[in-house]
Each structure stands twice: as C-alpha cells, then as structure tokens.
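My questions all concern the structure below.
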Amino acid sequence: SEGGSKEGGNKEDKENAERQQSSIAFGDAKASTGPAAEVSGAKPGGTVTVLQRDSFAHLDPGQIYVSDEMSLSQLIHRGLTGYKATSDDGKKHEVVGDLATDSGTTTDGGKTWKYTLKDGIKWADGSPITSADVRHTFERTFAPFVANGPTYIQQWLADKPGTEYRNLLKDGPYKGKSLPDSILETPDDKTIVFHFKKPKPDLPYALAMAGYSMVSKKKDTKEKYDKAPMTAGPYKIQEFKSGKSMVLVKNTNWDAKTDPIRHQYIDQFNFQFNKQFEDSTKAILDDSGANATAVSFSNEVDAGNLSKILSDSAMKSRTISGYQPYVGQMNINLSQPEMQDKTVREAIAYALPITPFVRASGGTQAREVAGGLISPTVSGYNPEFDPFGKKKKPAGDPAKGKELLEKAGKVGLKLTFGYINTPEGQQYSTAMAAGLEKAGFDVQRQEIPAETYYDQVSKVKNNFDIFHTAWGADWPSASTVIPPLYDGRQIADGASNYSHINDQKVNADIDAASEITDPAKAAEAWNKINEYIVKDVVSNIPTAYYKQTQIAGSKIGGLVYDDVIGGVDPRRLFVK
Amino acid sequence: MLRFLLRRIAGSAVILLLLTVVAFLLFFGMPRDPALLMCGKTCTPDALANIHRTLGIDKSIPEQFWIFLSGLVMGRDDFAQGPCPAPCFGYSYHTNEAVWSTLLDRLPLTLSLALGATVAFLIVGLGTGMLAAWRRGTVIDKTFTAGSMVLSSMQIYFLGPLALALLVYQMDLFDEPKYTELTTNPVAWFTGLLIPWAVLSTIFAAQYTRMSRSAMIEQLQEEHVRTARAKGMSRRYVFFRYAWRGSLIPIITILGIDLGTLLGGAIITEYTFGLPGLGMLAVESVNFSDLPLLLGVMLFSAAMILLFNIVVDACYAFVDPRVRLS
Amino acid sequence: MDGEQEPKAKVEEAKKLEGRSPGQLMWIRFKRDRTGVISAYVVIFFFLIGLLAPLISMLYGKDPYTVFADERPELFDSAGVPVQPNGGISGEFWFGLEPGNGYDVFTKLLYGIRNSLMISLAVTVATVLTGIILGVAAGYLGGRTDYWVSRVIDFLLAFPSQLFFIASMPVVVSLFVSPKDETPVYVRVVALIAVQWFLGWMSLARILRGTTLALREREFIEAAKVSGAPPGRIIRKEILPNVVTPLLVQSTYMLPNFVTAEAGLSFLGVGIVEPTPDWGQMFSKASTELVMQNDITYMFFPGISMIIFIVAFNLLGDSVRDAFDPKTAR
Amino acid sequence: MKEDLVLPAPREATPESPGEPLLVAENLTKHFPIKGGFPIRRTVGAVQAVDGIDLTVHVGESFGLVGESGCGKSTTGRLITRLLEPTDGKILYRGQDITHAGRKQLAPIRSEIQMIFQDPYSSLNPRQTVGTIISGPMEINGINPPGGREKRVRELLEIVGLNPEHYNRFPHEFSGGQRQRIGVARALALEPKLIVADEPVSALDVSIQAQVVNLLQKVQDELGIAFLFIAHDLAVVRHFSQRVAVMYLGKVIEVGDRESIYTRPRHPYTHALLSAVPEVDVTGDGEGRRERIRLAGDVPSPIAPPSGCRFRTRCWKAQDKCAAEAPPLVQISGNRDGHLTACHFPEEPTIEAREEDIVLDPALAALEESD
Amino acid sequence: MTTLTKEAGAPVPADEGAFLSVRDLHVTFKTEDGPVRAVNGLSFDLQRGKTLGIVGESGSGKSVTNLTILGLHNPMFTTIEGDIVLDGKELTTARESELEKLRGNKVAMIFQDPLTALSPYYTVGRQIAEPYRKHTGASKQAAWDRAVEMLGKVGIPNPKARAKDYPHQFSGGMRQRAMIAMSLVCNPDLLIADEPTTALDVTVQAQILDLLKDLQREFGTAIIFITHDLGVISDMADDIMVMYAGNAVERGTVDEVLRSPQHPYTWGLLNSMPRIDSDLSAPLAPIPGAPPSLLNPPSGCRFHPRCTFAERVGGARCVTERPLLGPDRASACHLTAEQKRTIFVEEIKPRLG
C-alpha cells in the first residue's frame, strides 16, 4: 500500500485542522466553580476494572510525566489549574482554576501571575490545603531526587534553560532554604504569586500538568512519597502492589463543590497491571462479568484486533480513537561534520522511507505519515504541508535522494543510525537503512538499549548521525514543541534539541512567538517556524503522527477520547 | 548422611558466594549506568552523582560487595526506602521495591508453572516410558519411541507460539495464558496456566519417556532383576519393584537439574507466554541494569539449582541404600 | 569376541592382513543401521544447505536482506502482513514473505541455517577442545589439578545458564565494539560463541575426566608407564585415541543442543538480531502478534526445519552411540 | 603397623635359588589414605594394603606370591615396578636404591623391570595395532634393534607363538590367550631382567591357561628372566615358581622354597589355604588324604587389621600372645634354610589329614553335627 | 544316575525315572551379527538328590542351558527347540505363569556373582522372604522368620540383625551364603548353581562347597553344578557332563569321566590343568588354539580344529561328520572305543602322574 493516509481520510484531517483554529480559552472564576456539569446519563456506583500494561512507576506528582501516570493523576491529584471539558465528546476544553479560584490573573502581560486558593479544599486526610503546600510543591521540584517531572515552571522561575535551574534552590526546601518572595510569593494562606523575568502567557496550561499537582508539605516523605503520596482528588489509593494491582476508592474529603472538572460516579477502580495490549483487548471484547465494566486508560487495541474492531459496527459505541500528541521525527545530528551539508540532509529527507516506521508500529491505523512537526492535536497544525512528498511516496524517493547525494559528491557516505533496541526498532531501522542505502548511503546501525535510549541520544556528544525520536506537546500549544526541540540555545546534555539545530532565524522567531498572548496568532507563528525547520533547515524529518484506538466494556458509560489527555478521560466514566 | 548433607550445604554456600562475586563483576562490566535510568529527563552531573550516592555505587566494588553481603545476613537500614530486614538484597534501582519481596512476589508463578508442569510431565513421561519398556518391541513401544523422539526435539519457542497461535488466536479455544493466584481463584489459576503447562510438559514428558524407557530396559537387563525372576516373582512385580527402583536414579538426576532450572525461572517459557515470573524478572533486571534485582535473581536461581542438587543427593539416599549407608 | 582358529585362519589371513580397527568396525556397524544412515544424510543435507546458501540464493535470485515490503508494497498491507494467503507463498517467493519488513523467507531460512550451524559448530569445537584439555588433564593428573578443575566445573554447573547468557551478552559485546561503528555481526557471533562456550564445556569435561580416570586404571596405561613413557606420550598415544568414542558421541548430542540454545538466545533478543538471518531470530519473529494473529504460515519454516534437523541429529547420535557400544539397549 | 623386630638377612642364598639377589624389598609398605571428615576433608585412615614386607628375588628365578584377594599382592607388584610410591621401606634393584627414584632416574632400569597384567582385555590399548603395542616400549626407550623394530616385533610374535602376520591387527581380533601372549611379547620387547606377572592366567580358561603358563616357563628358562609371579591359584604358582611367599592381609606370613611351602608348611594359614584347594583325584587311589580345614568368614578389612598376628581372628591356635605381639618372619625350628614363618604357634610340617577336620565355620559345624 | 540316550534320529522319550530330562535342546539367539547357536542338540537327565556337574570352557553354553530350564531368556530374541521335562511337566511350552510358580519353588538358582545378583535396594531378609511368601502364601512375619532361619542355617552370624542389612553390607562370602539361603528357602527339588564360587577365594570357596554339600544332604535337593574347575567338580558331583561349543561331548559318573576320560577335549582339560600334587617334571599340555565362534562354528566335530587326534580317525570324518553322543557313559568322538582306551592309557595317563 502507499502506507500513507488513504484511510486516515482527508475529512478527518480537515476536521482536526478546523478544531485547532479555536484554541483553548482560560476560564474565569465562574467557569472555575464546582461542581462539574453532570455527564448525561451518568449514575453513581459500580466498580471499574482498569487494565494497564505498565505498573505505575511514580505516584509522586513531582515525578509524573508519562501518560498513563498522568491519567491516574486526574483521579487522585489536584493542581492549581486543570482542563475542563466544555463539550461531551472530549474535543473542547477550557483551562480553569482547580484548587485556585480561576485560571490565574496577570496584569503585566504574563510576568506576574496571581492565584487564590478556594475555600474548603482538603487533603484526603481532612487537613486543609494551604499556600504553604503550594510553595512546598514548587520548591521541592528543585530537589535532586525530583528528576522525572516537567521542568517548565522551574526554568521560568529561574530563567535558565536546561538543567541549570536547579542551582536556584539546590536541595529544594529540605535544608531550610526557600525561594525568595521576588520569585514565589505566598503572602497569606490563600494567595500565591509567581514572578517571572519574561512573560509566560502559558502558565495556566503549565500548571494544569499532572507534574505540578500539589504535594502535602506535612506529609512529604521525599523518595518514599513516590509510593504513598498524599492525595486530594476524588479518589484515594487504598492499596498498591507495584507490578500487580492498585485499588482506588472514594475520597470522602473531596468536595464536588470545589471541583469544576472531576466527577466521583464510580465507587472503586481496580487496576490490574501487566496486561499486554492483546490481553486487555481480549478481556474487554469478552465483555462478561467484571470485563463488562473494564477499560484501559492507556492500552490501545492491539494491532491484530484493530481492523476487526474498527469494522465492527456493534463495537462502535465502545470504541474511541483519536490522535495522540506525539509526532515522530528523524533527527539529523547537525553537530556531525558530514551532516552540515544541507544537500546531504535533503538526500536523507527524500530517501528516508517512512513505511517501515508505520509498519513496525502496526500500520496506518496506528501511525499516519506526517508532513510537519506539529501534531493534529495542537493548535497550528497544517494538513497541507508536505515538502518532501512523503504522503505520496511514503516508501521514500531513493532516486531523488541519490541524485542529491551525487550532487553533494558524497555517495557512499557513512551514516551512523542510532536505533532503539526493541523488536520494532530493529524492524524499522533495518528497513530504513535499506532504503537509505538505495540512495547511496553506507548506513551503520547502532543499537541503543531501549531503557537508556533517550539519555544517550540527548547527549550533546553522541556519535549518531541520525536517530528517531517522538515528542508530544505538554499542552495543546506548539510552545511546548518548538522551543524545547528547536531552540538553539537549549542545546545541552539531557535537553531535547536532539538535532542540535541552532538557527538564528528560528531562535529569533521563537522569542517572538513566545510573547504572543493571543493563542490563535501564536499558533500561526509557531507553524511558520515548523515549516521553516522542515523545509529550509532540514534538520528534522517528520515521520508520523501517532494515533490510538481504545475500547471499553459495554457497561461503561461516559467513554470519551480526550484530546488533551490523549486517551480515555477517566474522570467522566460511570457504570451503566 | 547428615554430615554429607551439611557438607553439601556448606559447599553450596561457597558457590553462591563466588557466584555473587561473578555477578557483581559482570554487572560492572555492563555498558550502562543504572543511575541514568533513574535520573530522568532532567539529568545533571550533580543529580547523577547524587543518585550514585543513594544507590551506593560511588563506593568501591569491594566495599559495595561487603555491604551487600552483610546485608544478606544481618539486614540493613541505610536505605532511603526504609529498613530492609535480612535477607536483604537491597532495593531495586528501577522499581524501588525491596528485591526480596519482589522475588517472593514472582515466586508463586514460577512455582506454579514449574511444579504443575513437573507433575504433568512426570506422570505422562514416566507412564509412557514404562509402558513402552513393558511392551518393548511392540507397536505401542515403537509409536511412543518415535513420538517422543520428535516431541523431545521441539523447542518451547516453537511449540509455545504455535500453541498460542492455534489455540488462542486462530481457534480461540483458550484465553491467553495469565497468572492468577491459586488462593484467589483456583479455576483461573488452572486455566490460565494450562497452555504453558501443556507446552512445557509435552517437551519434557517426551524426554522423560525416552529416559525412563531406556533406564527401565537397562535395569531389566541387570543381573539382580534376573535373580528376582528366577525366584519366581511375577513379571509385574519384578518390573515395578526391582527394575523401577533402579531406573529412578538416572531419572532423579535429570529431574533435579530440570527442577532447579525451572524453579530458577524458565526464562524462555515465561518470555514466550508473557508470564511475569522469576524468568521474566531476570530479563527485566538485565534490561534495566538493575544490579540488586539481577543479583537477587541470580542468587535465587543458583540457590534453586544447588538446592535441588542436594535434594537429588538426598533422594539417591532414599532410593539407594548403598548411598544411604555409606 | 570373534573366536579364531589358528590353523585354519591362515588362509583367510593372507587375504586380509590389515586388521580392522575399532573405528572401522564402528563404521561397518553404523552403515548397517538404516535410521542412522538416513539421519546422517539429513544432517549432511542441512550442512550442505548452510554451506551452499550463497550459491543457492544466487541461483534463486534473491537475498535475505531485500525489504520487499518497500520494494513490492502491493504484496503487503500497511502493517507489513503479506496480503496473499499462506504467508505470500508463490512461484516467486517459494516460502513466502516475512511479515514485517517482508524479507524472502526461503533465502532467509538458508542463511539462518548457515549462521546457526556455523555458530554452533564453532561452540562445539571450542567446547570439545576445552573439554579435552581440562577433562583429560584433570583425569590424568589427578590430585590438585583434578580437585580444582572439578570445583570449577561444579561452580559453573551451578550457574543459572540462561540467565547468565542474557546478562553477559551485552557485556561481552561491549568489550569489543567501538561506539562509533555498528556492532559488527561477527562481534555478536563471537560473543555468542564465547558465552555459550563458557558454560558449555563442563559436561563434556566431566565425562572425559571420568573416561580418563577409568582409562588411567586400565592396565595398558600402566604398561606404558612401566616402559617409562612420559606423561605427554601417555596422554597422546594411549588416552586420547580412547576418548574419541565418548567425544564423538557427546559431540553429536552437544551440537543440536547448542543449535537450540543459540536459537533460544536469539529468540530472547540477545543473540543475533535483525537483519542478520538466524534460525532463532526467525522464531522470535514467528512469535510476534503479527504472525500469530494473522497468518501462521511463516512459523512453520523455521519450526519444521529445526525439528527435522534436531530429530535427525539426535537419531544420528543414538546410532553413533549404538555403533560404538552395541550392548546398550535402544 | 610397623615391623620393628630385627629381620633375618633375606639375602641369604638358598640352594634352590642360585645367583645374585636381583631385587630386594625391605620393610616395603604402602598405605592408601582414606579421605573424609567434616567440615574439612582430611585423611581419616589408611588402607594398609602392604604393611612392611621383605622380599628378595634372585637373578633368573621365579618367585611366587600367593594369597587371598585383597591381601596386597598386586600392590606389592606395583610397588616393585614403581607404579606406586612406597609409603615406607626400601627397594633395591641390583643394589641400587630405587625406592623414590623419579621417572628420569628410573629410565635406565625401566627396561629391565617389566610387567604382565591380569586382564587380557584391559591390558592392551584397543586403539593400537599389535605392532604399535609391542614396539611402543622400544620406541619410548629409543631402542633400535638391528633390522628395525618391525622385524623385532615379528620375531617377538613368533617367540610368543603368534603369527608374525598379525602385526597389523587390533587386539579385539584376538582371543584372551592370544592377547596375553601379546602382553608377554610387549614385556619381552625390552629384554628385561625381571618380569612382574600379576595374575597373568587367572582370567583365562583352563584350556588356555596352560598355553600361557608354558610360554612363561619357556621364557624364563630360555631367556633367564626372573619372575615375580603373583597368583591366587596355588597350583599354578607351584607349577611355575621355585620360591613362594604367602601373603595375608598386607604381610608375608610364610616364605620358602616350593617344596617347603607345599609339603612342609608351618603357618596355620598356609595349611588352611592348601587344604581348601579342590583337587582332582585322577588316580582314584585316595591315598594320602589331605587335611581339611574350614576357616570361618572372610579376610578382615585392611583398614583396621587385627592387632598382633593378623591371622589370629580366623586361627584355631590363637592365644593371647597372638593378639599382643606380631610374630616375626623367621626361620623357626624344624624349617629348612630359607623357609621363614611368622607364627607364634606353628603347625607340624605336613599336609596329611589330621585325626579330626578343623571346621571353624559355625554353619558347617552345625550341619555336619546334625548328620 | 544319569541315563544316556541316543541323540540323533528318533528322539528317545524322556526317562520316566528322571526328575529332570532335557532332550535335543537347541537354543538360538538372534543377534545383530546373525544367529548364535548357543546350545545345539543337548540331552541329559538328572535324578532326585543327585548332583550333575557341567564343565566346559567359557561360552560353551552352560549358563544358557540352565537359564533355559527356568525359561529366563527373552523370548523376543531367543528360539528354543527341544524338550525340557521337569517332574513330568514339559517346560519349553509352559506358560509364563506356570513357570513363575516353578521358579524359586521347585527349581532354584544360584548365580555366579552374588554382588550383582542381589538387588541393592532391598534388605537381604526381604529378598529371601519374598519367594517364600509368594510360593507358600505365608504371612509377612512368617516369611521374615523363615528368612532369618535360613540365614542362620547358611552360617550368617547373628542372622536376626543381619537380615535387616543390605547386600552391600555383606562380604563376598556372606553374600553367596545369602544367595544360597534364598535359593533354598522353599526347599526346591532342583538347585541350579551357576559357578557359585568362581568369584570367591579358595578358603571361602571351600566353605561354600562344603555348605552346599551338607545342605544337599539335609534337603535332598538335586543339583546342577556348573563350573570351569575340574577340581571343584570332582569334589561336588556325582555325574559329569563335559560341554564344548554348545554340545555335550562326554558324560559319565565322576569316576568314569575323571579316571578314564574318553574325549580328546576332556583329555586336554585334564592335561592342561596344573594340580597341587601333580608331577612337576612334566610340563603342562595345553589344548592348542582357541574356542570356536558360535556365529560360525566349525563343521563336523566342533572340536576338530583343536584336536590333536583327528588324523587318527582317518579321512576327513572329523571335518564333515558330527560325532554323536551315545547313551549312558559316552563321548562324542569318532575315535573307536579301543583307540580311546589305548590313547588314554598310553599317552594321557602317564602325564597326569
């Protein structure tokens, strides 16, 4: 097949594109007042079984940055802000105040942000949540052991890129030091003020990340918090057996009136881990007993069952699908001397076959050949953009590649290709290598252990000429895509500018776009940068947009694919 | 006899100690730094060093080794995760769980898998082997011999996926293998392990058929068996009392090795069927450069092998009075 | 014993002055064993296939590295499953196409057999050499040497071998590879050989030690000693020729074990990896959802060929043993 | 246990054994350590296989060594050929001390002391041709006989009564008797002065035994080779040896010329041994019936041999003295020259039947009483 | 007394008076190298209470004959022809269950190597008690008591305690005694002793031989005694049968066979055997050559390749014609009776001294 987007359909593309035109609004105090609007047909009670492949490695909000933990976090943790669904299909959202009374107020174009805590908000043990907890939450993100969570706000507060922010508060709040009022101000029990050096119009988005949910100051047990955190959401952890199971029960100290975004219909969530995609699919299809109320937050339908389910009309109401925020891309390491020749990069771009990646990931239902670096879930997505004709020739254009390589006089160029050592990685990297070799490259595949893959490719001094990564927006704005990945001033060990692109124009445009407060205009600016990078710099070759299809038991109600979460929205579920 | 066992146990302890050393060295040869895994996206050299410190891998190898050893015997309380009573294998770098409890956690699956399969293949294998020996030269014998030859040449990584593909995916007769605690749901425990048991015991049973057949035939040619016949004992009696007893010795030897290996984690089986037992744990620990876990699994597996070596020796004594009384 | 009559025998003797050595006798007995001979042919067939793989694939016109999923996309769906039934078997692709990247299964199997057998053969050779050196030394020298060799054997036998394999493969590989280049296939191969060898020689050494110990008690060794033969000569002339029998028998049992063990490692993903064709790596492909869910045809090619090979080799082993030692019951 | 009595001079020449002493063993001892114990393995005891024996083999004579299974005959033979390292004592070959000589030091005399083994099946390397087997010793010792080794091998084959054409055959193509001949040929290849023959005929059929005995006799007579002839068959030893030593549990208990041992034995054990030999009465005259002695039980374990006289546990004459004191091997009164006996209470020098059978075996006694 | 019958031609019916009567027995084994004719037309009889000694060299078919009487050969690889009549009952065609009743009960056997012939896994007492229970239906306790009694009888000291021992705790002589106790536990009418003393030392052998003789006297058992050793046989047997290559070559009472042997093979045996009282001046006179292969036995008289008297027969009779064993006292040789007598008296006897 052409591997491309035949079934994906242009209709859907357009729909997405349209949807992204209207970006997410920041809600006011009214929008931030609980309780959340009832889900139609919902009734309380019942137990839901959640089948998950991976056990939760982190429960400490400060360490949460992966999607399945973020889904869980929706149920147990609360932050200053959160996404409120404004439609019943999971496609429209608004950022509102969660623990805070609104999504935040700024008076100076985003440099100073003020938040006020609601009344009656409590931890699961009944103690009130105060501004001291909020301060503690942010201060501890500087502690060395908090290594896995997001870093936006820390960097903004410290006004430092990469990991240098840690110097602002080396040991976190644990050795008696704290952030000065000039940076983080908590004048009373209810008020929190952030002071940034530069405008940060995206703060309400950032605060909605699971990684910035609140941590109890009193109950903070540092490393151990990761296994038994204090919670504030509608559910609390009754039991957690790592690698096996978890039980969530209702948190009686959670007050619906304080929460505009969550519901508490279900009595109990029973998580089971180690359920491979095939297992969970099979169990849910089985639909008897506990399986009728089974769902998975992150497991997709496995590749083998996918087409069967998609073509089964009876399954339609139980099936949800949509894009994930990830975009796959082949990074060309611009630090490598041979890669500094743009013609060579173009040769790679033309020759690189995308089909192997699509194939290895399960076909066109799981991956869609990408034109640009901005996902369809993010504001500013442009479905028409496809400078190397990948959508038409997903298997690559070796002839064109060869022509360019010859033009550059580099036929037989040694190309070190670092690939992730998983069965999929092996599969697509060999086929990609075969495609590139047809264009005249001498591809040296280098395996990289899967567990340390990103650590290795994010070293500035790595030896790879090309390697594949995927990046998902942390919130539906390209501001969480373009700057971390393509800002030339962000090149550092562990940072995400994998291709080491350091283009003056890109840098300048990023600065400019960052300060645009109108979301729609910002989106357009970001897209421009995206197109410039792909077409003119040729440092990153987009490969595919990630798609995902999930199913649930027939007794599950309120099943919605939430674009922001990139999967089932667990907050709205109920048992029919 | 008791002395002999004590000596074997002492010897086993020495071997375990050496094994620990080797595993330690092996780990330090591994081309990855476990701290990198834990360091996350925002790793700085400082953070890395900090993790090294908390993991204890900033110390010299002998020092770490010594700490590990003393922990095994006396327990430790210098972990951030909490006190760690003996036998303390430390905490996993990756999951932060106590290794010992992880091992115990994974053990029931491996135990169920190994023992269930063992029961099946012993009954089937010894039964068919003895039947073939009893009916030596007949069609039954020839069928069993040929069948066991082919089946024993099968590999789990072929028979397993084949069984999965045919029984689970294509014909949909069974669920995919999964593990449920016996105490939670005995029926689910049984059905969930049925295919792995069947596959494992098919291959093993075929081996035991061959083995017990040839052991029986060998025994039947023993002179003392002929004496028993000359005494007028019936063929059945001679077969089951005299020949069988002797044929047990080679079988016990192999069974000891097999059980030791199976209980130490049937890596390929667990991998094939996606069962999270000790074997899988081993693979995971290698993948994550998880030294404490790796050491734990290695020692555990080796201990199993050694334990069954000793059990085999004890069984010899049980079967053969010459061993018992010497 | 073939009894012999001195006066009469002289006539015949003129005809066959050369005696028949035990080896020749074994060969005669072996040739009479039909199963053994057929098995031997099958085994030879496999080795020939391995040897001639490049030639065969040249004649057949394909190689195991071409990504047909990209070359001939019409034959596959977007997930890389051949669209035609039976794994895409056709006049062009005799054994079909591999789901995924769509390699040609026929050539892949040929080369897979070639690589697997090469590795296993190398392991066997290494093992046999080590087994001979250590086993014979321990058995013949006895005392301290024997004690330590035996302890080392005990120790290594207590190793959880598979676990050790998967744990040590990355380490061994990393010892050889410079970070710049692709891990050359030969490094993986050498590592595979080394790792399997490391935990593979003990049983043979143990058997040879036993044999040597028994031989040492045999009176012909004493006869040599009484004549003043130095130990070197005794080992070379008296012991080594006599361990050939157990050696040959053991090797015929060992080699198929190494083949399956090597395949097991590649199956687990620590042995040979894509795109190098290998038996075990084909099994690992065969056990993917893609194959199991869609079309299991692919699974049978590595599976059946390996079963035939192992069965033939085991039968051959039995026949070799019977030929050497006609007493043992079968 | 160690013999600490003053020993009579063993080199005394007797009329039956002319010639120089060729090989002298003094207080020859071999203890095999038994390992065991817990937790550390150590030596916990010893098999006192040979416990201080004195032997002299003269040039050209055949010296017989008899005794029951396990009494240390083979060990003695292997000590003398230096296959084993003696625990104690001395071995002199032509006056030269070879007790602890290394392989190199032994080299010059290696060719002079050869061995013939018991088991015709295990004494020949199954993987070598007869030619290789017989020429092996020559090759090792660098002997190049005129006309080449092959010619010499063919000669040797002829000497031992085999077809020289058999040169290229393998041992498995021969019968037991023929193999034993090959063994003899191998021993002869180096033209030895002394051959230690460890039960060379006991594994052979009666009809073949005589072939080999005759061959050995021929070899001894014609080539003047001395033999240490080990056997448990008293009749064969009598046939072959001029002097005979009787061993019991690691000790020589009686030694003397053939005549003395077989017709005038003094030690009770020698009496018992001779009386136990089943005889074929071919003449049918039944005259001169021999005594009948039935010992009780088997030979005690050499790990913990009885104190004093080792035979006392099965001896009908045993008294307290026997337990306390080990009798020295001396020429007791009534013995001829060179006939030494180790006994406190020796028997009459005759093998004639006594008035009453000596039956020590309780079961036999009971059964016979009931008749 | 042994009665002797014509071998070839019409088989003579079994002797009515004989307790055991073997007629024209052929035993052939199928082997990989071809059929092995281990016993080739053997006939003999045995009276109650008597001892028949069978001598012959290794491989002459002594053991095979006696295992055939007990029906212990594997029928898959063995063909048995001829008749074996024990106490009026035909054994070659008897069913396995009938044979089982017979074995250990009416006919018992003692094997050469008591170490391998006793099971290492069960106590000596149990192994002795087993056949007793089976054949007499005695209770466990009664059988055990009987075993202890038998052990005492064969001279095991402290039999009560030793019955609980395992064979490996016994010495060689004691094991053979236990073996004898086991064979006699059911008072068999026929005892087959297959080289019961070959593995033992002379002093122990003498004990065991005496024991057997005494027990035979007490129980009145008929014994077939197999051995290589003429000395032993002259001590034990009433009658002697000499076997060579699957045939009986000479038969008679002890006195007849040992004092006036008629067959060249018997002469050879006597001449080649050193005796404790023989004349030392005469060298031993071995039988030349080696025993024949049973796969491909010599034609005619099987002894002819080794026979020094074959020329005296004249012609090639020895090579072509198989000599028959006459009835009663007889030998299977083509020499005339006169020749045999003169050769023995003039050439053989003087050497025997």
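We just call them A, B, C, D and E in the order they show up, numbering each chain from 1.
One rule holds in what follows: a contact is a pair of C-beta atoms (placed from the backbone, for glycine too) under 8 Å apart; a residue touches a chain by one contact, two chains touch by 3 or more.
Just so it is clear, the model here is predicted, and its values are computed rather than measured.
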item	value
Each chain counted as touching chain C and chain E at once	B, D
Count of contact steps on the shortest path from chain D to chain E	1
Chain whose Cα centroid lies at the greatest distance from that of chain E	A
Chain whose averaged C-alpha position falls nearest the assembly-wide average	B
Between chain D and chain B, distance of the C-alpha-averaged centres to the nearest whole Å	55
Distance from the mean Cα position of chain E to that of chain A, given in whole angstrom	95
Centre distance in Å when chain A and chain D are each reduced to the mean of their C-alpha atoms	94
Interface hub residues of chain D, defined as touching at least two other chains	175-176, 178
Per-residue multi-chain contacts in chain A, two or more chains	278, 304, 449
Set of chain E residues in contact with two or more other chains	288, 290-291
Touching residues on chain B, where the partner in the complex is chain C	11-12, 15-16, 18-19, 23, 26-27, 29-32, 149-150, 152-155, 157-158, 160-162, 164-166, 168-170, 214, 217-218, 221, 261, 264-265, 267-268, 271-272, 279, 282-283, 286, 294, 297-298, 301-302, 305-306, 309
Chain C to chain D touching residues, read off their complex	1-4, 6, 10, 13, 17-23, 25, 218-220, 222-230, 233, 237-238, 241-242, 244
Of chain B, residues touching chain A in the complex	32-33, 36-44, 46-47, 50-51, 54, 80-82, 94-97, 102, 105, 169, 175-176, 178, 274, 276, 287-289
Touching residues on chain A, where the partner in the complex is chain B	55, 57, 63, 65, 144-145, 147-149, 151, 163, 166, 222-224, 226-227, 241-244, 274, 276, 278-279, 282, 304, 449-452, 454-455, 493-494, 496
Chain E - residues contacting chain B, complex	70, 72, 76, 96-97, 100-105, 108-109, 111, 113, 116-122, 127, 130-131, 134-135, 166, 168-169, 182
